[in-house]
Each structure stands twice: as C-alpha cells, then as structure tokens.
Amino acid sequence: EQKTVSKPTATENTSSGDITVGVILKTLSSEYWGYVAAGVQAASKDLGVKVDLQGPASETAYDEQNNMIETMLSGGVDAFVIAPLQSDSVASVIGDVKIPVITVDTDAQIPGKVSFVGTGNDNAAYLGGTFAAKKAGKGAKAAIIGGVEGNATSDARQAGYTKALEENGVEVVSVQYAQSNPDTAANVMENIITAQNGDIQIVCCHNDDTAAGASNAVKQLGLKDVIIVGFDGNQSGVQNIIDGNITATCAQAAYTMGYQAVETALKAIKGETVETFVDTGCEVITADNAEEYLNTLKGYLK
Amino acid sequence: MSNYLVELKGVTKRFPGVVAMRNMSLQIRPGEIHGLIGENGAGKSTLIKVLTGVHIPEEGSIYIEGNKVSFKNPNEAATAGIACVYQELNIVKLLSVTDNIFINKAINKKGSPFLDYTKMHEIAHEVMLSLGQDIAVKKECGSYGMGIQQMVEIAKAVLIDAKLIIMDEPTSSLGEKEVEQLMKTVRSLKEKGIAILFVSHKLEELFELCDRVTVMRDGEHILTKNTDELDNDSLISAMVGRTLDNQYPKIEAEPGAEALRVEHLNSAGVLRDVSFHANHGEILGFAGLVGAGRTETFRAVFGADPYDGGEIYINGEKVVIKSPKAGIRCGMAFLTEDRKGQGLVLSQSVRTNLILSNMRRCTKGLFFDEKQIDQLAEENISDLKIKTPTADEVVGQLSGGNQQKVVIGKWINTNADIYIFDEPTRGIDVGAKVEVYNIMNRLVRAGKCVIMISSELPEIIGMSDRVIVMREGRIMGELSRKTDVLNQEIIMKAAWGGEIR
Amino acid sequence: MKTKKMKEILGKVAPLLALVLLFIILSLATEKFFTLNNMMNILRQTAVNGLISAAMLVVLITAGIDLSVGANAILCACMMGMLKTSFGITNSLVLILVCIITGVFIGFLNGILLTKMHLPHPFVSTLGMKNVLCGLALFVVSTKTISDFPAAVTFLGSSNLFKVSGGFSGIPLCFIVLILIYIVYHFFLNKTALGRMIYCVGGNPEAARLSGINSDNILIFVYSLSGFMCSIAALVIVGRSAVANPSAAISPYDTDAIAACIIGGASFMGGKGTIWGTLIGALMISTIRNGLTLLNTSSSVQYIVIGLVIIAAVFIDVTRTRMEAKAKRLAAK
Amino acid sequence: MKTKKMKEILGKVAPLLALVLLFIILSLATEKFFTLNNMMNILRQTAVNGLISAAMLVVLITAGIDLSVGANAILCACMMGMLKTSFGITNSLVLILVCIITGVFIGFLNGILLTKMHLPHPFVSTLGMKNVLCGLALFVVSTKTISDFPAAVTFLGSSNLFKVSGGFSGIPLCFIVLILIYIVYHFFLNKTALGRMIYCVGGNPEAARLSGINSDNILIFVYSLSGFMCSIAALVIVGRSAVANPSAAISPYDTDAIAACIIGGASFMGGKGTIWGTLIGALMISTIRNGLTLLNTSSSVQYIVIGLVIIAAVFIDVTRTRMEAKAKRLAAK
C-alpha cells in the first residue's frame, strides 16, 4: 500500500519555496471545486510551496482540460495533481512524465501516478444511497436524476447509488438526466412523479443543484415524505437541508482533498514514502450535522 | 422668397472610386413636371438619393422654398414634403398592401394605441382605385406582380402630403396600360399643385408628360429646357454627347434553318398550348401585356421551371431540358428580366460575373486560366462599353444599365446558339439600347437565333423580323415583317384579346 | 370561395393539428399522459421556454438572432443572488427591479452592438455576449449556487392556482402570466404601428430605411424587449428551481427557443412569425420532453426525437407552403 | 499607387497583426508563454478547431451554417468505438474508413435536407441534425466512453515530429496535416471553377442556377465536404484524447468554429471568407485560451475574455472596412 518515489531529479534538498505543484481540477467554475481549490491554496500557504492551479470552464470540457495539461507540463512543474475528467484521455496526454502525478477526487490509471487522494464518487454515492434506503425501508421506490449521460462522473455516482439502493431492497424505477440544470431537474422530477403516480420515496440526485430543483417540484406537486439526496455538500445544498427542502447530501471532504493532495505531492517530490490511496473520507450531511458543516464550509472560504 | 420649390447648387457626391455627381445644380418649380434624363450611371438616382437624404453630399447645398436644408435621413426629407418612388422597388413582400402603403404613417383608433385597420384598408383601397387598381388590399404585397407593386410604391408617395414627388424610372416594369394609368395619375397630381421629378429612359414619355427636362451626363448638369423647345434628336445628343442616327438599327439578314421549335407547351395555370418556332439569323419578338406568360414560356423552355406537357426541338432534334444547365448545353442563353435577383451575383466582381456561365471552360487543367479570364473581361468591358473602374469592381456598385451589360456579356461569353433576351433594355439608356440592338444584330449576322421578349412596342416593331403576341398564356398570333405591316395598333389589339386577322 | 377560406384556416391551424396529433399518440402510448395533473405539468414546463421564445421571436422577426437569451436570464437570476448574499438585500422589490434592469440593459447592449457599432450579424455579437454573460454569472456569485430567495421573488415561478392538496396540482401561475404576456404581444405585434415596423425592418430593411423608419431605434428596442423577457424568464427559473445556478448559463436555452419559434412559423430571413405559433412550438417541445420522460426513455432517444421533430416541423411547414402555392397555381385557370 | 497597394496589403494582414499583438501581450504577461514547447502546444490545440472551422468555412461561404459539425465529429469517433467494442473490429483501415464514410454521409444528409427537401435555412436542419447526432453518439456506444484505439487510428492526433525526450515536445503531426489541408483548400477555393462556384452560389443561388450552375449539387458537395472535414477532426480528437466520449457531442465545437471563421473575415451573408483568415481566427482562439490558462485566470474571466475577443474581432473588421470605404470615397476624383 505504500510507495516510495525514486528520485530522478535533484530536488532532494531544495527548500519547499522553490517547488511548484501543478494542479488541474475538473473545473473552477463550481462551488465544490472551489473548496478543493481553497484546500489547495491553504496547503500552499501552510507548506510554503507554489501551486499553479487551473481548471477548465466546465466539467464537460474534456478538450480544454487536455490542453491545460499539455500547457502546464511544458511549463515545468515539480509534481502534478490532476482531477481527470476523462481518465484514458488524460493518461494519453500526460504520456511519459518524469514527475510524480497525484490524482485527486477521481482516480485513474495514469502514467507516473503515485497516489490517489479522495474517496471516489461511487463510494460517496454509495453512502448517500445507503442512508436513504435505510431511512425509507425495504420495498421503497427510488428515482435517480443524473447530470449528463455518458459522463464519467455521472457514471460513478450512478453506480454508487444503484448499488446501495439495490442492496437495501429498494427498487430504482426511473433514471433520467437533467444536464445538471436545476430548472430542467424540476421538469424531470414532475414527470417522474407523474409517471410513477406519485409513488416515489427516494430521489437520489447527482448534485445539490439538481436536488434543489427536484425538491421544489416535489413541494409544488404536494408530495410528502420524499427523501431527497443531493451530492457535493455545497453551501446552498446544506442550507436546503437546514430549511428542510433536502434530506441529505453526500459530502466529500473537498477541502481536505485539495489540502492533502498538495501535501502528498510535496512528500512525493521530496522522495518520501506516500500512501497509494489517501482516503479523505466522506460523510452524509443530514439535518443533524448540517449547521455545523455549513460553518465549516464558510470557514474554508475565508 | 425663391420661386423654386427645390433648388440644388453645386452638389458633389463621391462614392469609393467614382464621383457620381459633380457640381450639380437643378431647379424645380412648384407644380411642374420636371423630367430628368441621362445615360446609365449619369448620376440620376444619386441625385435623387441626395434629395431624399439617403446620401449626404460632400459639397453643395440644397434649398427648399428658399430655405437651406441638409437632410440626414429619409424621414427629414419626408417631413419637408419630399416623397420618392425609388428605382428599385421597396416593398415588404410579406406585409399586406395596406401595411406597405402606410409603412411610415399610422392611423390609430381614437384614444387608443392600436391601429385603425378598418379605416386604413378603406383609404388604401381608395388610393389604389384612384391609380386604377381594384385589388384586395389585405393580401400580401408579394403575391402581386411587379406592376402592382410599383403602383403600391406610388400610392405610398401619393399618401404623404408631399410638395414634390420623385419617381425614378417608375415605368420600367409597367405595361402599356399601367403606364397610361400612371400618366393620368401624374397629371392629376400636378393639378393638385404637386411638383413631380420624373426619371425615365423612355423619351416619348418625357415629351408627353413633362413641362421641362434636365439632362445629366457624367454626374454633371448639361441643360434644362422647356419640353417644347426640344426634340428627340437634340435630347439624345445632349444626353450621349453625340447624335444617334438611328434608334433602331435594324439590319436585314437572311433567315436560316429552324433553331428552336416548341410544340404544345402546357403549364397548369400559366401556359396553354404554346407552339411556335424560331429560326437562325432572325430576331423573333415576343409581345404582350405584363403577365401574358412570355417569361414563363421561356423559363420552361430554358429549364428554369418545370412544365406539364409539350415538346421542344432544337435544330430539329427533340430535347428534354430539365435544368438551366441542360438548357445551356443545348446552346441556349437566357437573359432574365430581373438582373439583380436572377442575373448577377452582386457581391462578386465584374470579372467573376462575366464568366459565371462558362467557368468550367475558363480552366486550364485543374485551375483557372487567369490570363484568359483577364483578357475575356477586358474584351467584354470595352466591347460592351461597361462603365466600371476595373474588372475587379463588385457588380453591386455599378449603375443599373451597366449591370445589365454585364449580364449580356456573361451570355455572349457562352457562345450560345439561341439567345433569349427577356426585357433586355429594361432600365438602360437610349445610347446603351442601341448598343444592345447592335449586339443582337451582330449575333443575327453570325447566324444565331435571337428571341426578344419586350414590353416596349417600339423596340419590338423596330427590331423584330417576326412578332408573336401572347395573352393569358396563349399565343394570339404571329406577324412577319416581310408580309405584314408591323404597327402598334395591331399588336395591342391582339394583346388585348382580339385575333390577328 | 368557401373551400378557399377553409383551406386558409386549415393552413393556419396546421401546427396546432400537429400538436393535437402528438397528444393523441402520447395518450395512446401511456395512460399517464392525458391526465389533468400532467397537463398542468406540461404548462408548467412550457413557461421558461415560452418566455425565452417570446424574447427570441421579436429578434427573429427582424431577421436577427439572440444567442445570449439563456445566459442573460441566468445572469439576471445570479444578480439577485449576488444582492442577497453579498449585500444582504432581501427586499423583493429591489431584487426584482435589479433583475429586470439587468435583463433590459443586456438586451439594450446587444442592440447597441448591432446598430451603433455596426456589427454585421447579431449571431456573432450575441454569441460573444453569451460568453461574457456566462463569465459574469459565475463572477457575481463567485461560482456559488444561491438558494433561499424571498417568497415574493419565487412567487411567479412556484405558485399554483386552485390547488387541491393531494389532488389537482393547480394551474401554474407562470403559465397564466405567459398567456397574458402573449396576449399583449399579439396586440403589440399586430395592432400597433411599432409592431408593424418590426415586421417591416425584418422583411425589407432597405425599404424600412428608405421609408424613413429609424431601423436602429427599432432594433435597439427589439433587443431590449428580448432582454426584458429574459428577466421575466429569470424570475420563473428561480421560482421553479428555488436556486440561481450560475453554471446553467451555458445551457442551450437559446436553441430550444429558436426551435419553438421556427416550429411556430418564424423564419431566419425575418419578417415572419406569430406569437401563437411560437406558443404551439414551445408547447410541442415541452410535450415531447414530458412524454419521453413519462415513457422513461434514455437521453439518446430524447435527443434523437427532439432533433427529428425540429426537422419534421420545418419540413411540414415548407411542404405545406409549396403545396399551397401549387394548388393556387392550378386553381388559377 | 504605391501607398494604395501598401494599404491593401495592410488590410489583408490586419487580423494577422492582431494575432501578433496578442502574442506580444501574452509574452510580456508571462515568460512561460513564448517558449518553443508552448508554441507547439498552441499548434496542437488549434488542430481540432482548425479542422472543424474548415468544415464551417465552406458552408458559411454559401450563406449557410452547419451546427452539426461537432456532433458529427463525435459521432464519427463513436462509430469507430462501436465497431471496436460491439463487433471487435480492430483493423485501423476499416475503422478510419467507417469514420470518414460516417462524416461524409452525415454532411451529405445535411445537403439533401437543405436542397432536395427544401428546408429553409440550414440553421434549423443542422440544429435538428445536431440533436439527432448527439443521441446517435450516445446510442451507438451505449453511453460508454470507448478507449484503447489502435495506434494507427490515434496516430494523426497523437504523433509529434522531431520530438526530443524531455526537451522539445515535437511538431504536432495534426497541425502539419491541418496546414496541408488548408493549402489544398486555398487552391481549391481560389483557383478552381468549383471553388468560385461555391462563392457564387453563396452570393446568389438563383442567379447561379440560371447561369447553368447546379446550385443543389454544389450545396450537397459543400455539406459533404464539411462532413469530411468533421471526420478528419474526429481522428484528431480520438488521437488527442485517446477516447471516444459520446457526451462530448453537445460541446460547443460549432460556436468556436463559427467564431474562428468570422474573426477570419467570413460572413453570415455568404460569399466571403478565406481559409487563411480562418487559420488566424482559430489560432487566435487557441492562443487566448492558452494564455489565459498560463495566467491562471478563473473560468469566469476566461468566458468574458473569449466573448469580448469575438466581439472585438468583428468590430475591428467592420470598422476597418468602413474606414477603407471612406478613404476610397474621399480619394475619388
């Protein structure tokens, strides 16, 4: 489970100040990745390393991420942290790198990879799905509202939810995609409710925005006691839990992920031993711990 | 107080590459019909657009009733009492006739933001009636033909309380009957004290209608005289700067073998049993009123439109022509009546337009033979006296008549056997007309077959060897220069429904 | 004469017939479709696209296009979000006012770019604007989704009239407002001088110019109106989804709206299009989406069906026009 | 006379100057920009958009538009993926052939829809087609991303010439191919009858038809050519990313391509546009994206800058044309 990075370059005794860690996230234009970025920056400050932090405009801009990787790798960084949008494609773009590579949030088989920092979307979704299924009990019916069909992140969350629900005797009656747009999610939710004659106890969503739209539709159609699970644990999502709109959300420790990714990268650069899997953990946020979690989140973005 | 309604002093207007109007002056008296004439590209339309605020001149000044004005847009000119019927139709085809007539005017219901359509339709119908057109004003304007659209334009101008109405070649797309109606209207406007500036290439109209005539040449003022002090020859020589000895330089050529024969051509709703033939070495004229089906006949023959039945023989051989491409391959050239919409690619250069119909023949191997194309273009420009700065000028920038010459050039270059000219002299000046006739003569002399569709009887009579008259999609009869007397009366009678003989 | 009138009327209701046909097919496909509550769902789901389509229609009539409509609506929503989170403003009136001002201002800018700065075709300028607005939307809320809007802001998008708890889901207020707006539009476009000038500018800009119509001002007005409709759409979006999500700005709201207008008889060449046709177009799109979800089809099928419907709708329209022209020609003699 | 020529040349290289200016600014902003390897990156990142822009350019010249280009490219890629996974075909030749056939066939269909089925403006038909293709792409690979293509398939997109391990990253093959294609395009558009006919059909299709040019066939050819370029783009996409990802079909490849063409001087009205202008447009877009990444700007700023550049590029072009016309007018004697 442990790996020592053989040191090809002479960075052994350089001070942290001259070290640059390149970080490319899935995007910088969403709140979740904002926390990861905040963690990265905090680590940069605490550990005294430079970070070069980037991310494409949206989570579907595969090409753009590949371009960023190329651009960054030719700029010369000492370690590389990546949240791959499309693992195979990232692997091919990275090619034969000489620096340690760390995947964050989403794991992938990438050349030069020394460690994965994260939980995995499927694990987090599994946790959220299990929570909902337990709460609703056996024989309940569930719908899943996804992000974008055919997208790796969506696929992982989908798998996690489905596994958890089925293991706990819940039937998944409908899977629809809402393009991660809350407004579309409301439409889809209304239609699912109609299709199932209102016989829905669980709605598992691929993100908090979708959950917000779905919850609003549920509310408008006057359905009661529907368990709505979001994903990401954003401020608005957690606020929605506090307000009673959403039941729970699957929160990955985004901030910790970012922080520990840089930490791990630094270790790898220095030739220290690193874990091949740094589990940053995930938790299900419910009404019980929402307030507390919200405060933590707000603290991150100071 | 000046005794002129409108006065232009020393006005100059430049366009990229040309001075369209140079130190121009013009005086229009209240209540007169003032003719304006000049060669193609002389600057008539430019003068008008300066008067209506469409173009802003670089130099000179304009006075209305003695007050200096400088219009920045057509609205200001309209407010000052100047209305205009432009050379190019400005109809919104998808809107109703009423809406077009009231395009810049609105009658609202009393105390309401909504239009009073009942009243507007009523007025529109009245105005159209006064122009001799009893039509459904609620219908889309685009569903009517060019003639009516032109009348709608005139109605627009009539409806504004104008002191001066400008008409830029209003008769170029009208038939005889409509022209007459228009003249009546113009005279009645004059009676109401409205001045008219009337542009036309048709000298007879000017003599019939105008009190005074101004002649322009190369953007400059040449003369202004009372009509009765002028005659045909003096007017023409003022216009073109030389005398024209013959307006219709007809040559006698020996007709050859049959070139084209059409039998029982039918097209639902448009053509009924059209049969005729045309020979090599002759000019076959097609006369008739607007909408008689002449254009439709030859669009079908050329392959531009499908038809329902009938046979076409070229040089005695039966052919099936399904596209203009096939028509050209059979040795036909078809000069369309609408040069802007159907004849030219306005955004392309003169050079490109000249080779539009035989591009494939201008290539050497895979690529264009630039030298050959250049040479061809130069030849065309000098042969046809096309007034253009260079062969690379965009065609859209040329004056109407010069555009027409480019279209003719295009077809000459295909070296066809049968030339179909649909209204070939529409909108071109007297001098240029003669040039076009000479081109036809040259073709006939070379043994080609020329078919000329025209709504201008003098040119039909002046140039044709034989004349076919059409009416409502049928052939009414045929007259031959050899055996019959060609005169206006006989042809008109046939066109109006009488049989020939 | 009578059959001619009949045919004319038939021509006008042809798109409506297509909609009815669609209803019949879907009713046969699933019994869940033709229920009162599902009809209300369709109305609810038509509102946003209906409003944005109204924004698109006027610019299409002027032979223009506005690709920034969706991004504009989302920016309007995010502006409200920003006021709430960054400045702590919760006064609904202020929020709504800022929303509308933002929308109109963006539209006005589009108009200025097109006319005063002489940019060639609004496709380009509004495409640029769409990108700028996407960026601004992310920027003003620091990429965060904003929730918890005051009830008066979400009112328009979330209220239902005559709702019966557990039974009838109620007539969505947003659709009623949509209809009211459409009625105003109808009178505006058909019965006022300004409305007619808009058709004029689109049908033949040169004629409009030569007739002394100030095309520039009309175009600026049209794009501002488009912006205004976007801001109303923003209120409905916020009401329906309860959040303002900046990353939704890149969503293809614009293509859905274009599709609705074109299905309803508008044309890229300008001068054509009616508001009722647009309504049918918008209803058609949401009905298809609704039906496909009820049938639990996959995304791939949904894409394909929507694509085919867009193509079929214009194809039918074109064919009908050609047939009519032919019939007219045959009847002429 | 001499100054006139100078001015003409200046007018032609104006977009190039804008690109040079951009290079200077970015070089000053970060020293990471003007390095050999980064220049190679820019070329690499231009290839896909460059190919799709070439597809877009021909249709823009005919006054059309093809919104289905990106979806077409992705479908081509997914077709190869399907053959590989569902039918176990790994023969590169077969895969590449199917890729090209798919692309050309889709383009051909677009052409048929436009001409033979008389659909009004290709905006609508290709928008419908885009949706259909998005669905098909998801469908053929059952929404799965396909990886592990044979080397010969990815060769075009992934090879670099003169690569020095650890040093020079190599000249991207895809860009070299792009340049070769552009040269062919240049001669095709300017020096052949067919090329000139394309401009003429764009300027006035009816006049072209009546002059014996078979406009329909030319349009079908143009859309098929567009489809062909998409299939080449598909090969580069697969090569660059090593996968065929069906959900990328909705990505806005089309707008990027339109932006490149328009920046390069093409027009929606047809009849205008050159391939070298398009190259500059495509380079400009990738340079800006590259520079903004190097400068570590946030997504919101990136959106805004790209949007502003699109607007500025056309604005500069329009203003230049107006200035030229004015100068010419004042010079007239």
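A, B, C and D are the chain letters, set down in written order, and residue numbers restart from 1 in every chain.
In this section, a residue touches a chain if its C-beta (ideal position, glycine included) is under 8 Å from a C-beta of that chain, and two chains touch if they have at least 3 such contacts.
These figures come from a predicted structure and were not determined experimentally.
When the interfaces B-C and A-D are ranked by how many C-beta pairs touch across them, A-D comes first.
Chain A and chain B, compared by their mean Cα positions, are separated by 71 Å. Look at where the CA atoms of chain B average out and do the same for chain C: the two points lie 44 Å apart. Averaged Cα coordinates give chain A a centre that lies 34 Å from the centre of chain D.
Here the spacing of chain C and chain D, counted between their Cα centres, is 30 Å. The set of chain A residues that touch two or more partner chains comprises 28-29, 57-58, 149-150.
Under the contact definition stated at the top, the residues of chain C that touch 2 or more other chains are 134, 138, 143, 250, 298-300. Contact between chains, as defined at the top, is found for A-C, A-D, B-C, B-D, C-D.
Against chain C, in their complex, chain A makes its touches with residues 28-31, 34, 57-58, 149-150, 174, 176-177, 179-188, 190-192, 194-195, 197, 208-209, 212-213, 215-217, 220-222, 234-237, 239-240, 243, 245.
Against chain C, in their complex, chain D makes its touches with residues 113, 117-121, 123-125, 127-139, 143, 250, 252, 255, 258-259, 262, 267-269, 298-311, 314-315, 318-319, 322.
For chain C in complex with chain A, the touching residues are 30, 32, 35, 37-38, 41, 44-45, 48, 134, 138, 142-148, 158, 160, 163, 165-166, 169, 237, 240-243, 245-248, 250-251, 286, 289-290, 293-296, 298-300.
Across the interface of their complex, chain B is touched by residues 187, 191-193, 196, 199-200, 203-204, 206-214, 271-272, 329-333 of chain C. Those residues of chain B whose C-beta lies close enough to touch chain C in the complex are 52, 54, 73-78, 84, 86, 88, 90-95, 99, 103-104, 106, 108, 113-115, 117, 156, 268-270, 272, 473.
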